[in-house]
Amino acid sequence: MLYHVRMDVHPPVDHRSVDFEQLKVEEKRIAQELQRDGKWLHLWRIAGHYANVSIFDVADHDELHRILTSLPLFPFMSIDVTPLAQHPSSLR
Amino acid sequence: MLYHVRMDVHPPVDHRSVDFEQLKVEEKRIAQELQRDGKWLHLWRIAGHYANVSIFDVADHDELHRILTSLPLFPFMSIDVTPLAQHPSSLR
Amino acid sequence: MLYHVRMDVHPPVDHRSVDFEQLKVEEKRIAQELQRDGKWLHLWRIAGHYANVSIFDVADHDELHRILTSLPLFPFMSIDVTPLAQHPSSLR
Amino acid sequence: MLYHVRMDVHPPVDHRSVDFEQLKVEEKRIAQELQRDGKWLHLWRIAGHYANVSIFDVADHDELHRILTSLPLFPFMSIDVTPLAQHPSSLR
Amino acid sequence: MLYHVRMDVHPPVDHRSVDFEQLKVEEKRIAQELQRDGKWLHLWRIAGHYANVSIFDVADHDELHRILTSLPLFPFMSIDVTPLAQHPSSLR
Amino acid sequence: MLYHVRMDVHPPVDHRSVDFEQLKVEEKRIAQELQRDGKWLHLWRIAGHYANVSIFDVADHDELHRILTSLPLFPFMSIDVTPLAQHPSSLR
Amino acid sequence: MLYHVRMDVHPPVDHRSVDFEQLKVEEKRIAQELQRDGKWLHLWRIAGHYANVSIFDVADHDELHRILTSLPLFPFMSIDVTPLAQHPSSLR
Amino acid sequence: MLYHVRMDVHPPVDHRSVDFEQLKVEEKRIAQELQRDGKWLHLWRIAGHYANVSIFDVADHDELHRILTSLPLFPFMSIDVTPLAQHPSSLR
Amino acid sequence: MLYHVRMDVHPPVDHRSVDFEQLKVEEKRIAQELQRDGKWLHLWRIAGHYANVSIFDVADHDELHRILTSLPLFPFMSIDVTPLAQHPSSLR
Amino acid sequence: MLYHVRMDVHPPVDHRSVDFEQLKVEEKRIAQELQRDGKWLHLWRIAGHYANVSIFDVADHDELHRILTSLPLFPFMSIDVTPLAQHPSSLR
């Protein structure tokens, strides 16, 4: 099932601290692993923002929740989740 | 270039009138033509809403504007346009 | 899977017209049928509002979308859909 | 009487501090006790958010207020309370 | 139990029509009856607005809902309901 | 003259500090004194919130401003002031 | 006492109808009369908007309410009322 | 002096009526005249919207107000006006 | 030219620090100087808020910007600027 | 392609620290360099705000994103990006 997820990152005040850099490296690793697993279908950067729009393809709400809340940057993010259904005009 | 576009349709009061049905048929035809042309990459229905999230791949703002404003349902839609850039963690 | 859905009804200006009364009768019939089917788990009235909070248990986003958009009052409603996951402290 | 309550948790900056973990353990204990008492009827996690939607069945506003404000995480939460009435189409 | 209710009236376009004047007369009659019954405790006009702030003292959410939705002007109102509890500093 | 005032308290991070407790004790003392003087007519707790709705009866805006800004918790509050007029349907 | 009032006018669809022109003439007459009476202290046009910011000097909320609700354009206006107190740095 | 003005056009329901087309022709004529006069410096279309961002260079607020309110489409527009000052980093 | 300016002050956490008191003294001195110069025409306190509504009469946007940004409390304020034009019904 | 970008700067609490002054000097240098390159077309100060409206002329979303996110003040800014298309009435 498809979920549209917008993630806006709000870095801590000392955003250049070692800790936060470490988190970002780990976040990238996990994001790429989930893309290879076919769960994180699309990951786009919103131009001008420290934010992304993503499309997830997962079994259900619980799996989506586990993935999002286990992201290293989760504590620094505000997240919007929108369930997507099949559009009658879509050729896919 | 990629654009994230959300379209919310606000049908007229007499939404079952012949006119509006005609517009919807025409809208579907155009949407599918643009998908075949590779301009309308993704078209998803937002569950529970008369709205969609779409990803367009077009040359520039002007082309996007021409496409959106020539959609038959344009006069009945509120539209949000968000430019998308390459995400450093995306494998695509 | 569980979905939290808020529905606010915005009746047409001639809300006492025969048409709208007919729609409401049909809406009630469908709502009770879906409750008997176990899909519409909870249906509460928001005190002081022509609105409800409902909990649906359906297979996926598409089924939820089909149910909501086929409700007779759908054209007169603004709807909010929130996917619900298992809460770690819930005993259910 | 039924109350729909949404709770969004805003953890402190040092959210991994011992204190906050302690509060979460205590919160879970109280939440489960209130569920066994039949006061906290439903407790769902909002997918992608550190938030929940709950349904309380308590005697009156004062009891609801006492319960919510005595929750260990109350100082870290923004809360929305919505009184629920019987829906004419509900079979419950 | 006490409820704080704000009611904003949005009169129809032909607000000087006989119908609407009739509704207002009926609204006043019911409002004064409910005040004599001790259910409608306070009724204040918000200066500069076609709106009021009221305090209701009723048994429960359902009674509040019945009262509000049976007001003649209900179809022309947007309503906000806020449950009130005892304040620890109140001398009443 | 009557003023409807909503006060939402945003306690400091170290809300259990001695200072803040002291302020709350002083706030209660002043609130009760003003109630005895007939200036603070009503003081209700908003269920589920660290907030109150109050009705003040004072000479003019300046007196209201003096009272509110001299409350010990004023620096920790967001306040909404709404002037109330006589409602044509009120029996008071 | 001073009140800051913002009035945004939302003309009816047939805003060039004779009726509405008549109302505007009457509105101007009353506004100028109230200025001569010293009640309507200031009346400024918000550049680019069919709206004004005004300062009223009247006895109390009730007088303000009577003045505003008896303005011919009242049914076509959204109004914001803000009570003004003496500023400690003002030389007036 | 420079003003940043955003204009969103909300066409009437019968947006293809002769009247509205006439207004648009007249609007274009005036807009181009003001550009030639050097008053309407910039006029850009917001992609995907029936809206524009414009920069005006006029003597004062009154001149801006006269220009905007005399635009044929003024009754169908919501307008935002933002005064612009010299930026310390601008080379112009 | 006239500008309507609303200033909301958000004092620092240690609002009783010597620094902030010093700033307030300096702010008052400058405000009164500008009033004597005829630039700061009106300065009213918004009842119940650490905020003011002011009317400035200055040459242009740049002068307004210089005045506002050089106020000692500028770093602690959120500011709204609204250009005012002559109102056709104003007798001034 | 043209982008309308609004940048609101939210300076850190110790906004007079050496660090932040350094960043501002660097920001100005980069801004002027980009203006000489023809990428940063317009840069206006919003009167009364620590904010600017800018017009960028760059190849695509990615270039815009690189420029904005590499600005020294980026971590202290909230940014709004609006793609601009050719307006049919513009003479440019």
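When the chains are written out, they are named A, B, C, D, E, F, G, H, I and J in that same order, and each has its own residue count from 1.
We adopt the following convention: a residue touches a chain if its C-beta (ideal position, glycine included) is under 8 Å from a C-beta of that chain, and two chains touch if they have at least 3 such contacts.
Since we're looking at a predicted model, the values are computed, not measured.
Fewest steps needed to get from subunit E to subunit J, stepping only to touching chains, is 3. The pair from C-D, F-I or G-I that reproduces the interface of I-J, where over half of the contact pairs by residue number are the same, turns out to be F-I. Per-chain Cα centroids separate subunit D from subunit F by 27 Å. Centroids built from CA atoms put subunit H at 45 Å from subunit F.
We define each chain's centre as the mean of its Cα atoms; on that basis subunit A and subunit H are separated by 39 Å. Residue positions of subunit D touching 2 or more other chains, listed in rising order: 2, 45, 47-48, 61-62, 64-65, 81, 83-86. Taken as a graph of touching chains, this assembly has some other topology, since it is neither a line, a ring, a star nor fully connected. Each chain pair that touches appears in this list: A-B, A-C, A-D, A-J, B-C, B-H, B-J, C-D, C-E, D-E, D-F, E-F, E-G, F-G, F-I, G-H, G-I, H-I, H-J, I-J. Subunit C makes touch with subunit B in their complex at residues 5, 12, 61-62, 64-65, 68-69, 75, 79-81. Contacts from subunit B toward subunit C in the complex involve residues 11, 13, 15, 45, 47-50. In the complex of the two chains, the subunit H residues touching subunit I come out as 1-3, 60-62, 64-65, 81, 83-86. Touching subunit E in their complex are the following residues of subunit F: 2, 4, 27-28, 31-32, 35-36, 42-48, 52-53, 55, 82-92.
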